[in-house]
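Shared between the two complexes below is chain A, which pairs with chain B and chain C, respectively.
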Partner chain A sequence: MLMSVALLGPIAAVVGADVGHTYSTLFLTSFGSPFGIGVLLIYSIPLVLVGLAVAVPYRAGLFNIGGDGQLLMGAFTAMVVGVSLPGLGAIPGGVLILLLAGAAAGAFFGAIAGALRAWRGVSEIVTTIMLNFVALFLVRYFVAGPLRDPGLTFNASPAVDPGLRIAKLAGNAGIPMSALVAILAAAVVAWWAYRTRSGWAHRMLGTAPSFARAKGVRVEVGYFLALVAGGALGGLAGATELVGNQYRIGFGFSPGWGIDAVAIALLARGNPLAVVPIAVFFAFLRNGGGALQSAVGIPGTVVTLLAAVPVLIVAAVTGWRTYRKFRGEGG
Partner chain B sequence: MEFLFGAMVVLGVPLLFAALGGILAERSGVLNLGLEGLLLIGAFCGALVGSSTGSVLTGVAAALAAGLLGGAVLALLTVVLRADQIVTGIAFNIAMLGLTGLLFGVLGAGAFATPSDADTRIPFLADIPALGALFSTHWIAYVGYALVVALTVVLFRTGLGVRIRASGENAEAARASGVNVLRTRFAAVVLSGGIAALGGAFMSLADVHGFGENMVDGRGYIAFAIIILGRWRPLGVAAGAALFGFAQGLDLFAQTRSFPLPLEAVQAVPYVIALATAAILGKKARPPAEEGRPLMLAG
Partner chain C sequence: MTTAPAPSDQGGPELRSSLQVRDVRKHFGPILANDGVNAEFRLGQVHALLGENGAGKSTLIKILSGIYEADGGEILLDGRPVQIRSTADARASGIAVVHQHSALIGRLTVAENIALAHDGLGFPRKAVVSRFTQAAADLGFTIDPRRTVESLSVGDRQRVEIVREMMTAAKVLILDEPTATLAPSERDVLFATLRRLADLGSAVILVTHRLEEAALYCDAVTVLRAGRTVFEHEEPSRLSQADLVRAMVGDVRLVAERHTSPRGEIALSAAGVRSRGPVSGMAIEVAQLTVRSGEILGIAGVEGNGQSDLAEMLSGAVKPDHGSLLLHEREIGALPGHERTSLIAYVPDDESLGFSVNLRVWENLSAEEMLYRRPPTAGNKKAMRARSAELVERFNIRPPSIDAVGGQLSGGNRRRVQIAREFSKTPSLVVCGYATRGLDVQSIQQVKNWCRELANGGAAVVYIASDLEEILDLSDSVAVLARGRLTASRPAVEATTEWIGHAMLSTETPSEQTA
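Coming up: the complex of A and B.
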């Protein structure tokens, strides 16, 4: 990750920007003010949760590329529940119902990919990609049509009732309380992964599937549940973003978190606790990227490049080491 | 209707190139998830060079060269270094989105105003009602049609094709019978990069005549649905690309007149068909057996 930050200097120099100013802009945007920290956290929360949505199936050797679809369905379902049951806002903890509804919707999308993977042998990579498009069109139809908020000049759903939102603390600084959802989710997933028998069996599916089968683990059920759990976390990410930040769903609800999440989960090697700092780092890059354009004239997309390069290097080093080890053992 | 078929061609051709590149790599045993990034660099280099030289042909050549280079990077990572194919593809896409966006921002949109040359009408064929749209389009599309034929012949009628498919179905057996699996896969991925980048060149040089940040917008991922529908065959993916192009074309169509169904429902149909195909056929619609697995043999 230091590498990504180090790469920015030469790029800034080539583009003709002041290198020192570039770095100070990058850091101060996130850490220069309480407001910056608030924005950093807001960017981090969905990345942590979708990162977990990818990391959980990844531990079982499966790739969930469907984070964007799952989070969209999660947010959409939470919005529908929140808008159609406004009375929930008066009940303390009513917002939890929305989060659960979102997780359930994401789990349903995960279950489609999981069932196809487990019992029909269809690659979860392509099914989750396709389900992203299905979710996109479904949500687009409703927010531009039957569920469009008529009071708006653009296509978006109605906002959830203020009683069903998760607050941002301290006024302008806006420290989002929904960060607790992300931290809690990471802790629960970590506890399950490292402290329970099923977490251990789940890991076996990824590292030694034939051993797992010999040990009596039902591999098909394991694959199915891995993608259901991943989908649920993706749905939770969407619902949390809805109640904690955006409140309504427009066309650009997700800027592509599901794809970033694949990179995050790999850098974390599927470790749920490592997902948290890496997701925050990605958010730090995104947050700083927005400011670079206006401050020093470097296009903000530079941070997208910076985020991807270490992933490519880690993938190459890991692949090569695995191969050398395999050859070394005379495989 | 004429308009709709025209839109189908314009929107379907980039998907065709991407899916053709995808099956070439997959047939050799490598899942090339970098199609999105390859389309982007094709569109970017095609527009940049086409604009600065004033020639569509050099633009296409530059896109091809950039695609081959991008393919070589992917091949180095996934084939030689045995990096995970899925992660590499995704990260490659993110990197190319960042790189093209960065350079586009630095150079400014003016550097990407491409020349346009007229569509080429093929005599007689272009006069067929509706389907004539296929034969009165930009010449880059005809390269795509030719590739459908060429890839079909190479993959299924030549010894080279047997070697490519053997690498994808059973690397160990292929090697035992004298195929250099590593080299075969490397070449397949490099070429798949060049082919996919031509799809990007079609977008920037033949369709929008310029470049825009993230202009590929997920088309590289749609290609994987097309590959399933086409069952890893060039003619099949051509039909799949036409179906998806048609569904996307309805979007433009519906902007000019009223449309009786929810548009999004119609647009989602090809994806649902692809999912249903996969569900019904199950293992019969399976990809090449070695796909996605790094080569653990030395050669």
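Coming up: the complex of A and C.
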């Protein structure tokens, strides 16, 4: 990952920008002020949660590419619950109900892909990608139609009641308290993965499915639950983003977190604790990217592109090891 | 690569022209895969290379085709030594291999596949089409080269591969278990093709573990066992199958004295078991079987007769379709996971059922613990790691590290890890499916000793192996598995060569493929 940051210098030089200025902008955007740190965290939270949504099935050997769809469904369901039950805002902890509703909706989406994978052998990669579109257009239809906030000049849902939001400390772009949700989720997933019997069964399922089956692990149930859990985390990501940052759902609710999350989970090799710093790194690049565009004139996409460097390195290293192993067997 | 016409114009076979293998050796770590292999494959003959799995057939083929380099010995072509260091060398020497699994690209046409193999071009020229058609006609069949490979039958694909190799002017064609995936009718067609090929002047080497193929279709036979040539014969049609069985699985010594260890109550009992084999799809039948506590039952038989299927059922991993399979009066297939894993020690033939290359040694050793008994909390992990370290020590696992990843271990040590995990239980039933495969002689003896210890500790032991000596040396009683059917067991002292040989080759019920 350091490599990708290092690569930025030569790129800046090539496009004729001041290298020093490029780096200082990149770092100061995220770490130069409490405001910067707040924005970094706001970018990080959904990435951590969706990263976990990918990491959990990944540990069982499954690819959840449906993070975006689960996230949208989670946010949408939380919004519907929040808007249709305004009384919830008066109850302390009412926001938890929104988070749970979001997680449940995500889990439902995960369950569709999970059931098809487990009992019908349908590739979860295909189903989760397709379900992304189902979620996207379903939500678009509602926020542009029946659930559109009439007071707005653009297509978006009504905002959730202030009583149902998770606060940001120190003003509008301060430290988001919803970071606690992400940290707690990472901790719980890590505990489950490394300290429980079912976490172990899940790991065996991912690393040695025939061994697991031979020792009595119910493989189909395991695949199903892995995608249900992944979906729930994706839904939680959406609900958390809704109540912690955006409050309403517009057309651009997710900038593609579900896809970044795949890269994050791969780099973390499914380790829930490693998901956190890697997600923050991705947020750092995204956050800095915008600033570089306006302040230095380097296209923001260049920085996003740099996020691919560690992925490529990991892929190359894994490929090389596989090649070596293969050659090694040849005696 | 230059191509010559099909070998129809090479003239009649001369007895002097041959591929000779002299004292070829190859070791992998401590395992001697080839430990003095001798054979002479003559042009114009179909030659069977027989042997059980692990006898060294594959290693020899890989040496001849340039994938492995031999540690010692000589390869002579027409009397002149040749060096085969790469697959290109093998091709240049005229040696070609048709592997068990098709190496053709299904979406491409036959002609495109041929062109790809010969010139590396995806587009066949007319010459390729006509040469293929001609070569196929020489071998006595027609296949439209414009058809895609995936539209062909398995047998036709094999013939395409044979023609493809013959078009590269191969003089020696090796077929690795060509009949494994063929229906009986296709098998006959294949042998007709091979005979034609030999008549046209090629040496055909048929690698197989099916005795009847050697006896019925081949001009010469070489049998490998434990990496050595143990038997050669020029007229296999005159051999009895018992001769071949004896050559493949070893000489049967009569068991003079036998442990008359006090037997316990009946532990394992089977009645009326009929099932579609979960591994091979073969019909499996166990009419009646009992194994007492303290008894070791050896199951003999030529490999590929339903051994893995039987082991899977006995271990409780798969429930038979009909009949009962009881361990101390309880249906084995219905035991919940935690009981099954503590009551039954199972070393399966298929490594992936009991070992993971992705998990560390201590995780492989503690997999069942963590699934059913102790969640991997920090304290439990420490205890399990300590226990794993003991097992690594006691069972001689190399490298002696509990943190080594499974994939770093050699085949033999992977097996030791499984044996360590399973044999360190206090089981009621022990099921060994070729537990000693890949192990050296000393370790095989160790495994047998451990099995005896477990039996003395009160376990019923079912020991599946192909080596008769190994079985008779260890077992209290013997049963034979042939074509999916298990015979009644009899005491090892009464298990004569005649009885075992007869049971092994029993052809009363032809194998029913329900697949």
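Criterion: the second predicted complex is superposed on the first by the 322 of 331 C-alpha atoms of A that agree within 3 Å, B and C clash if a C-alpha of one lies under 4 Å from a C-alpha of the other, contacts with A are read in each partner's own complex, and residues count from 1 in each chain.
Criterion: a residue touches a chain if its C-beta (ideal position, glycine included) is under 8 Å from a C-beta of that chain, and two chains touch if they have at least 3 such contacts.
Values in this document were obtained by computation on a predicted structure and should not be read as measured data.
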item: Simultaneous placement of chain C and chain B on chain A, clash or fit; value: clash
item: Contact breadth on chain A, by residue count: chain C or chain B; value: B
item: Which of chain B and chain C A:Thr207 touches, first, second, both or neither; value: second
item: Which of chain B and chain C A:Leu184 touches, first, second, both or neither; value: neither
item: Chain B versus chain C as contact partner of A:Ala6, first or second or both or neither; value: neither
item: First (chain B), second (chain C), both or neither touched by A:Lys215; value: second
item: Partner chain in contact with A:Arg195 - chain B first, chain C second, else both or neither; value: second
item: Offending stretch of chain B which, after superposing on A, collides with chain C (from 21-29, 75-83 or 165-173); value: 165-173
item: Doubly contacted residues of chain A, that is, touched by chain B and again by chain C; value: 331
item: Chain A-touching residues of chain B, taken from the complex the two chains share; value: 31, 33, 77-78, 81-84, 86-88, 90-95, 97-99, 101-102, 104-106, 213, 218, 221-222, 224-225, 227-228, 262-265, 267-268, 271-272, 274-275, 278-279, 282-283, 285-287, 292, 294, 296, 298
item: Touching residues (chain side chain A, partner chain B) in the complex; value: 11, 15, 63, 65, 112, 116, 120-123, 125-127, 129-134, 137-138, 140-141, 144-145, 259-260, 262-263, 266, 293, 298-309, 311-312, 315-316, 318-320, 322-323, 326-327, 331
item: For the chain A and chain C complex, residues of the former touching the latter; value: 194-197, 199-201, 204, 207-208, 210-211, 213-217, 325, 330-331
item: Contacting residues of chain C [partner chain A, same complex]; value: 26, 28, 67-68, 317, 336-338, 340-341, 348, 350, 352-359, 367-368, 370-372, 375-378, 407
